[in-house]
Amino acid sequence: MKKYLMELIGTFFLVFTIGMSVLAGGDGVIPPLAIGSVLMVMIYAGGHISGGHYNPAVTLGVWLRGRCATKDVIPYMLFQAMGAVLAGAVVRYVMPINHPQIRHLAVMPELLAEFLFTFALVFVVLNSATSDDNNGNSFFGLAIGFTVVAGAFAVGGVASAAFNPAVAVGISFMGMVAWTKIWVYLLANFAGGAFAALAFHALAPETRGAAAKAGKLQTNP
Amino acid sequence: MKKYLMELIGTFFLVFTIGMSVLAGGDGVIPPLAIGSVLMVMIYAGGHISGGHYNPAVTLGVWLRGRCATKDVIPYMLFQAMGAVLAGAVVRYVMPINHPQIRHLAVMPELLAEFLFTFALVFVVLNSATSDDNNGNSFFGLAIGFTVVAGAFAVGGVASAAFNPAVAVGISFMGMVAWTKIWVYLLANFAGGAFAALAFHALAPETRGAAAKAGKLQTNP
Amino acid sequence: MKKYLMELIGTFFLVFTIGMSVLAGGDGVIPPLAIGSVLMVMIYAGGHISGGHYNPAVTLGVWLRGRCATKDVIPYMLFQAMGAVLAGAVVRYVMPINHPQIRHLAVMPELLAEFLFTFALVFVVLNSATSDDNNGNSFFGLAIGFTVVAGAFAVGGVASAAFNPAVAVGISFMGMVAWTKIWVYLLANFAGGAFAALAFHALAPETRGAAAKAGKLQTNP
Amino acid sequence: MKKYLMELIGTFFLVFTIGMSVLAGGDGVIPPLAIGSVLMVMIYAGGHISGGHYNPAVTLGVWLRGRCATKDVIPYMLFQAMGAVLAGAVVRYVMPINHPQIRHLAVMPELLAEFLFTFALVFVVLNSATSDDNNGNSFFGLAIGFTVVAGAFAVGGVASAAFNPAVAVGISFMGMVAWTKIWVYLLANFAGGAFAALAFHALAPETRGAAAKAGKLQTNP
């Protein structure tokens, strides 16, 4: 239960920051920095409690990689979705906007962009936070948070840059995207997470076992 | 006394940077980056001396969590407030402005926004800088500083984004907010810090004791 | 083969982010932050697999420094180039632009700027990621990624700021620079990488051997 | 000699980035990020070789703190100044500008602002990179570089934000400030460095000796 509450808190602050920084309508450089930063700090705060997923696609990838108990998968996703909806409700109270502008984005480019950067995000999570080669590092939160910074800057023009089904629920609930488009994010984000787990297993370095045994951090080539 | 002076120096540079970067009136992306950065670097510089609070709400939270001696609580808060006032005086000398624009913000949204991100800030402090699971990490300053970056970007449109009663004193002293509003920050920020300590204790992972005994950093799920 | 695929994936996301963030044509502060961030996170993700080069000039420098097997040099460079071309193809599909604006830059300043910052980039790689003095650090990805942030901000006005022959291939393929200029990048970037390896060997601290034997990280003067 | 060359290289890239990013005349958010980033990456690259000063005020402070040999002080400062002049010459070749705009700044506010943030910079250096309490950390470059980011954002409106006598020489050489003002930087920056060393010694935590003996990193309060 403690883990589930941590996932709710982390996803709450992620979606709250998304809603507030996007709806404020300011400088386009701000939302990606704000969103990547809050994801980074919530991962540093909650990583030792729940793993700091805050994203059903991450939970799927971590489960496929063998670092999330099967019994936790559905509760993690539900509490992430609850955090997202709760955040959306607070945003709607704090900053009421009746008719947010909905952008009309082409489906195929958005699908591809969401897939590619969710793959990148989960691939970074698996390597920086679950690889035996990188035990005890201090960079995992920085790496994961700034994947979202890079991704939001890169594909923000052709996609909503959710990279996260719980975020998709949150931004749909806040009226920032149409509910009829939710399948785009569910499909692209879960597929990205699953492919990242496949790639993680396929690319595991041959020396991993030996390195783990020797208790040695391998950051050098 | 050394610890108290460190708190004064750190809070001085925090409030000095707030005053100078906000009153310069430039690009809206600048103050949050400047403020989060100076908090981060002062925490890295002074963390080993005083714990690097620079914030009465953090001192309250760390005291409730059991990592600040009771006899230090009031002196810490007093020296933080002195640092803030001193910084305000220097800002007023260096960049004299007679009538800074005061924004009229709705009370309830500001109260809620200040509460939420002070909670996040102190929760990040307690987990990244006082949890046995994260001993010896290098990310604590980055995590704490960038919580303020994210928070200032997220709620800067509906709140002053103080997240810190000493900052509230400083910005009131500089005429950036009305003194009659000081209760908003005192209430929201101390409440956020106290709730963060409650949440920290409630969410402490069951494995903490064992992990601490084994001297192992648990960053992985 | 696993290492080669990792180099392809990392270079793919680097060039994909370059193409998307530059062609979106937004705020000039965005592309350098996006590009430096994606390089950083791909290095943190893939460093333990392939070394995280994603750049033939880095591969040249690391090989001259003695940390890349001779048999890997050509395959690394080929897979990096393939990743770049693949990324260019995806960018052209996702964000089709018929006639991107090509800037006319003076040759000698661009040659010099490309040489200088490729030297800086590979010099930072060799010292932060392959020096025995810095074993086990968590900063290597941050240092390498933000060299590109600084370089793109510094010389973006007089150069394409590739610092990377694979990036040069990618931006030529996307029509962002003329193919007839490819020699500028090949010459300046490979020369920068080679000189960085020379400088690394020339400046190796005398205490390195002793420090490595003692297993001690030397970050202090 | 190796140490001296490293100081020349690091100061070269610092001043080169300052000249190029400021003279490009773009978005005001760019130069501080570029300059802080290049300082950070050069410290990570050269810290294990020369200590990564790149600043005569830092050399003064580190010498007063007892971590720089007396025989190195003058050579360090000379090679830093040479790096700065060399960078200025390259900037003038790459981006020739006959009459850069010189801002007229009030002397006393600039003196005070330069003193305060040079104090902060050297204080951060001494605590993050030379304190026994923080041995083996990965944050020293981030902390030092982002002190300059924060300082340039904070006082850039009332000062040149050099915080560094070698930078003062470089920006005077490039015609960005008048040579007649060089005393402002020499006075304020060296005084800031000297006071930082005094503050470092005065605030050294009582537990330092014990902590150093136990070989334990003290990041928690």
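Letters are used for the chains, namely A, B, C and D, taken in the order the chains are written, and counting of residues starts over at 1 for each.
Throughout what follows, a residue touches a chain if its C-beta (ideal position, glycine included) is under 8 Å from a C-beta of that chain, and two chains touch if they have at least 3 such contacts.
Just so you know, these numbers come straight off a predicted model, no measurement behind them.
Both subunit A and subunit B derive from one sequence, and where they touch, under half of the residue numbers involved are common to the two copies. Chain centres were defined as the mean of their Cα atoms; on that basis the chain farthest from subunit B turns out to be C. Copies subunit C and subunit D of the same sequence differ by a rotation of 90 degrees once their CA atoms are superposed, given in steps of 5. Averaged C-alpha coordinates put the centre of subunit A at 26 Å from the centre of subunit C.
Per-chain CA centroids place subunit A at a distance of 37 Å from subunit D. Each of the following residues of subunit C touches two or more other chains: 27, 29, 33, 137-140, 142.
Within the complex formed with subunit C, the residues of subunit D that make contact are 2-3, 5-6, 9, 13, 16-17, 20-21, 24, 26-27, 29-31, 33-35, 37-38, 40-42, 44-53, 62, 67-68, 90, 93-95, 129-130, 135-142. Remark: subunit B residues 27-29, 33, 36, 109, 112-113, 116, 120, 123-124, 127-128, 131, 133-134, 137-140, 142-144, 146-147, 149-151, 153-158, 199, 202-206, 217-221 touch subunit A in the complex.
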